[in-house]
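So, here come the structures, one by one.
Two complexes, one shared chain (chain A), two partners (chain B, chain C).
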Partner chain A sequence: MRNLRFLLQKEFRQIFRDKIILAMMLGVPIIQLIIIPWAMNLNIKNINLSVVDNDHSTYSQQLITEIGSSGYFRIISADQSYRQALEHIENGSSDLIMELPDGFERNLIKEGRQTIGISVDAINGSRASIGRAYLGSVINDFNANLKINQVNLADTLTKTQGFIEITYSNWFNPHAEYKYFFVPGVLVLLLTMIGGFMTALNIVREKEVGTIEQINVTPIKKWEFILGKLIPFWIIGMILFSIGLCVIWGVYGITSTGSLPLLYVVAGIYMIALLGFGLLISTYCDNQIQAMFVAFFFILIFILMSGLFTSVQSMPPWAQYISEFTPVEHFIKIVRMIVLKGSGFYDVLTELGYISIFAIVLNGWAIWNYKKTS
Partner chain B sequence: MKQLLVFVKKEFKQVFRDPRTLLIMFGLPIAQIVLFGFALTSEVKNIDILISDHSKDVVTTEIVSKIKATNYFIVHEKTMGDQEIEKTFKGGKIQCILIFPDGFNNELIHQGKSEVQIIADGTDPNTAKTMINYLTTILNEYQLQKFPSSALRYQIRTEPRMLFNEEDNGSMNYIPGVMALILMLVCTALTSVSIVKEKELGTMEILLVSPFRPVMVLVAKAVPYFILSLVNFTIILLLSVFLLHIDVRGSLLLLYAESALFILTCLSLGLLISNSTNAQQTALLISMMGMMLPTIIFTGFIFPLENMPWILRTVSNIVPSKWYFIIVKAVMLKGLGFRFVWKETLILIFMTVVLLSVALKKFKIRLQ
Partner chain C sequence: MEEKVIVCKELTKRFGDFYAVDKISFDVSKGEIFGFLGANGAGKTTAMRILCGLSYPSSGDALVAGFSVRNQQESIKKNIGYMSQRFSLYENLSILENIEFFGGVYGVSRKEIKDRSYKLVGELGLQKEAKKMVGSLPLGWKQKLAFSVSIFHHPKIVFLDEPTGGVDPVTRRQFWDMIYDASASGITIFVTTHYMDEAEYCNRISVMVDGKMEALDTPGNLKTKYGSDSMEDVFYKLARAAKRTGD
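Take a look at the complex of A and B:
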């Protein structure tokens, strides 16, 4: 026990001695937490539209005006030909082209229907599909408001038949604001990076510099050494988590709907799992570059495949399976459940079970693989 | 010149001496590209929906089977009261509840209309919006099909055309971004340790007292990583083409030239970090941990840059991967020529020059 105390003293001294490392651990994450979420907005508005009107009729002009005043679109150009409009898509100034064919009005009145061409820049996937959906709904409204339809609508309404009315509501986030979803995600991510990168680097550094041999020849036990390494980072992680909670309350006005002690218990266990992950990496690597790249490999997978910023359920089944094997996926789920929905202990029990298993397996594996003799 | 060659040879030898590090440095990023290329998609599907059908009549059964027929939803059925809704959402699995009230079909026929209620878990706004869209479309289509007279007599219809991506290949949306992200982080991190490692080990002193010009040390350090990064890029490109089926539409030569330029920019940034720090640990923490999140966000491949507040949009301009991302999309996916990307190219050149000159300035040739 006495050994452990001295080891802890040494670790803390080392951490506090290097001001740059300290800033990287506490300052940079907090600054990122304050700034980055403002950039995370998937709300798509101001879609740039190029219009090619080959008809120049009353209806075509009406439709274009309607689209322009819908609030979703910015009509950036009225082009003479499709070819010309395509230029705008190519140089990125436009997202979609609407092409009204010659005889648009005549066909609409005579045949009752007219198809118009919409070409979207499909490289920009989400923007393209949402732009298309918006345009579709504006055109539907336009259809319903057409004068010739209004006359007919009057007699359909008297005969009233089969109209399904849809009402919808968004719970927990009535205005569908993105910050509620992404801010907890950024906090979790920063915690993950600190825990993963710092522990992995720290121990490998002792290997690379050679000081680990000095520790190995002392009577310090394996578990003492490992605890001595993990405890300081666990404390720093929890401090970071606390500051982070204050920041998201102060800057974004997000407070936990659910129980705060429960949130801390989960975060505490998650930190243990994460430190085990860092430790495990360090036992397999010989130098800092290796450790950093292996940690980078996993953390990027955590970021892109664990549902922090992208949706897990839309991925193919094998990818969802991989996602299940990342501790982050379970932790972010719990954090969102507690903070946003106020879920209780029993709601998060299964996920908490997963995190605990990660904590035990990762640490157990790391301790087993850490050898005092080479 | 001969000196330089000897020196480059030394660097290469050092890199190749440690095959494990080499494998980790270049193997893992390649694995990532493949993984993300197959896994990531911007389409929302497999939404867990709970249908609470209090009516259970012909119409509701038909609507439910329509919803089941799409691959957007995983349908769970359970008739429940309003007080259970909150509990269900708190359980975390169900994301959307669709409620048919009692006597749905009855009202539809006798009163001419019926109401269906969609309650979405709004914690994930993107999924919530999308699923409401999906359900509205399904319900509207059903209504038109079942009651054709409710259709409008005069209609404008749309015929969409997907430019540059006819098959709607989902990996196209992510691959250029992931490529820019990984190249940038990997190249910067690799070079960021190069000089500082010699400082840490003390071998820098030996280099400085040799008759070799100090600036050449920087050049010699950069050359192996430049070449290896180009090899890395080639492998990534081959994988994208043959495994992920993304064709290179534009000029391959132009794509290579632009990539080489981008790699140079990243190497310069790495050298600057290396010259400004005193320990490998610090250099790596700055180039990976510090730069990771900003690079992901400001490259603009997950969150559209147009949506950001103007301050952050301005900040995004100093991130090299943003410009490279634009270039890759234009050249590789849209098949455009140099005249569409000359501006971005100039910006990257400018960045490289600035970064290199600051790095040179920071390069200390004297010991303290």
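Take a look at the complex of A and C:
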């Protein structure tokens, strides 16, 4: 225990002395937390729409106005012909073409139906399908209003066609705001980067400089050395986590729906798992370039496969299987459960179990592989 | 009989079919200054790493301060000091902080560290630099500091791996004065060097050639035996027979 106190004292002195590292560890994550969620916004807006109105009627104008005011579309051109509109798609200035045929208004009133043409630039698949769906829903609204108006006008009609209207209620994230889904994810991402890289690089640096040999020749015990490295970074990680929580509350107004102490317990265990991961890398690598490469490789996989940006459920089964083996996947799940849903201890128990297993295995492996005598 | 602090018997380190250290046997007495000579690649550092408990021997055994290098490395580590070829104090800690850390992990009490570190800094003439980062010191000062740190906890034996490499002659002389002082206080010195004038300062010298120990005696006896008037010449006669190339 005595040795540990000397190790901690030394480690903190070194960390606080290196102003650049300190700034990188604390400042950059905060700034990223403020910037990234805006850039990573998957709520698709500003879809560029070209309109070909062959009817020039009240109804057609009404529909176009409604689409323009929906907030999702930017009507970039009103073209004379489909061919002309297609040019906008070809040069990339437009994502969608909506063509209203001649006789649009007349057919709607007289026959109660009209087909319109929509063409989609599908290069960016998700943008295209979301754009098409939005446009469909705006037209449906327009349709529904039309029916109501007609029913009102033709009061005498006794039989109205029954139609099913679907209304949505988004639970836990009422406005289906992407930020609510994403911001906790960015917080997790930052903890992951700090935890994974900092320990790995720190220990490998001691190898490079040669000070680790001086440590290995002292009576410091293996577990003392490892705890001496883990504890300072664990504390920094938790401080960072707290700052992150403040930032997402201040900037995005997101506060944890569930228990804050529970969130901290989970974050604490997750941090141990990740520090163990960094430690493990450091026991296998001899220089910082190797450590950086290996850590980057795994952290990239962790991040892309963990459901931080995408939904794990939409991955093919084998990818979902891999995803289970990333500690990040379990942690992000719990964070979203607690922060957005307000889940309690028993709800997150299974996932917490997984994280604990990661913590034990990674650290155990690292301690086993760190040798004072070779 | 004198107390033996290192007893080495047929110590061997093999990497594949390469014998880095090949059945070396020798004793070192308490308080002795034992010079460990050899060309680059002769196996000096490997042997020293085994004696310090940093590396396992392939066969043979050695007792360092009464503990075996086969399975009691951690007990050895409590009783020795080690100064490696590479400077290995923390460059981003100050002189006092380095002394405090290494003294601390070797079990010196905080009070004693405090009292003695100021005294030590005074003896080294580094009062003004005490709070400066070690990385900013000139090499000669760093080496003297590293030596002082390695014997701060009064170990039984201190292992010095080319402690004066790249150091100017004046500082080297001062360094050897410090070694004599340490030896006088009962610390056994085990030192490797490439400077033959330094070899003359040792009580006894061993010369390693191709992993084997080819000679072991006092500098005077070695010179008589090989009919030379300098250690330089003795070393040259022995090392010339080497088949391995340097490094």
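The criterion applied here is as follows: the second predicted complex is superposed on the first by the 276 of 374 C-alpha atoms of A that agree within 3 Å, B and C clash if a C-alpha of one lies under 4 Å from a C-alpha of the other, contacts with A are read in each partner's own complex, and residues count from 1 in each chain.
Basically, contacts are C-beta pairs under 8 Å (C-beta built on N, C-alpha and C of every residue); 3 or more make two chains touch, one makes a residue touch a chain.
If you're wondering where the values come from, they're calculated on a predicted model, not measured in any experiment.
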Touched chain A residues, chain B compared with chain C: B
Is A:N216 touching the first partner chain B, the second partner chain C, both, or neither of them? second
Considering only the touch criterion stated at the top, classify A:Q14 as touching first (chain B), second (chain C), both, or neither. second
Thinking of the overlay built on chain A, is A:R113 touched by chain B (first), by chain C (second), by both, or by neither? first
Partner chain(s) touched by A:N3 [first = chain B, second = chain C, both, neither]: second
Between chain B and chain C, whom does A:Y180 touch in the aligned arrangement: first, second, both, or neither? first
Answer with first, second, both or neither: which of chain B and chain C does A:S311 touch in the superposed model? first
Which chain A residues lie in the overlap of the chain B contact set and the chain C contact set? 18
Along chain C, where are the residues that touch chain A in the complex? 52-56, 73-74, 77-78, 80, 82, 84, 86-93, 97, 100-102, 104-107
Okay, in this complex, where on chain A does chain C touch? 2-3, 5-7, 9-10, 13-14, 17-18, 209-211, 213-214, 216-221, 372-374
Spell out the residues on chain A that touch chain B in their complex, using ranges where they run on. 18, 20-21, 24, 28, 32, 35-36, 38-46, 63, 86, 89-92, 108-109, 112-129, 132-133, 135-136, 139, 142-144, 146, 148-149, 152-153, 156, 159-174, 176-178, 180-181, 186, 189-190, 193-194, 197-198, 201-202, 205, 208, 285-290, 292-297, 299-301, 303-305, 309-311, 313-316, 319, 322, 333, 336-337, 340-344, 347-348, 351
Going by the contact rule set out above, which residues of chain B touch chain A in the complex? 18, 20-21, 24-25, 28-29, 31-32, 35-36, 38-48, 85-86, 89-92, 108-109, 111-129, 132-133, 135-136, 139-140, 142-143, 146-147, 149-150, 152-166, 168, 170, 172-173, 178, 182, 185-186, 189-190, 193, 277, 279-282, 284-286, 288-290, 292-294, 296-298, 302-304, 306-309, 312, 316, 326, 329-330, 333-334, 336, 340
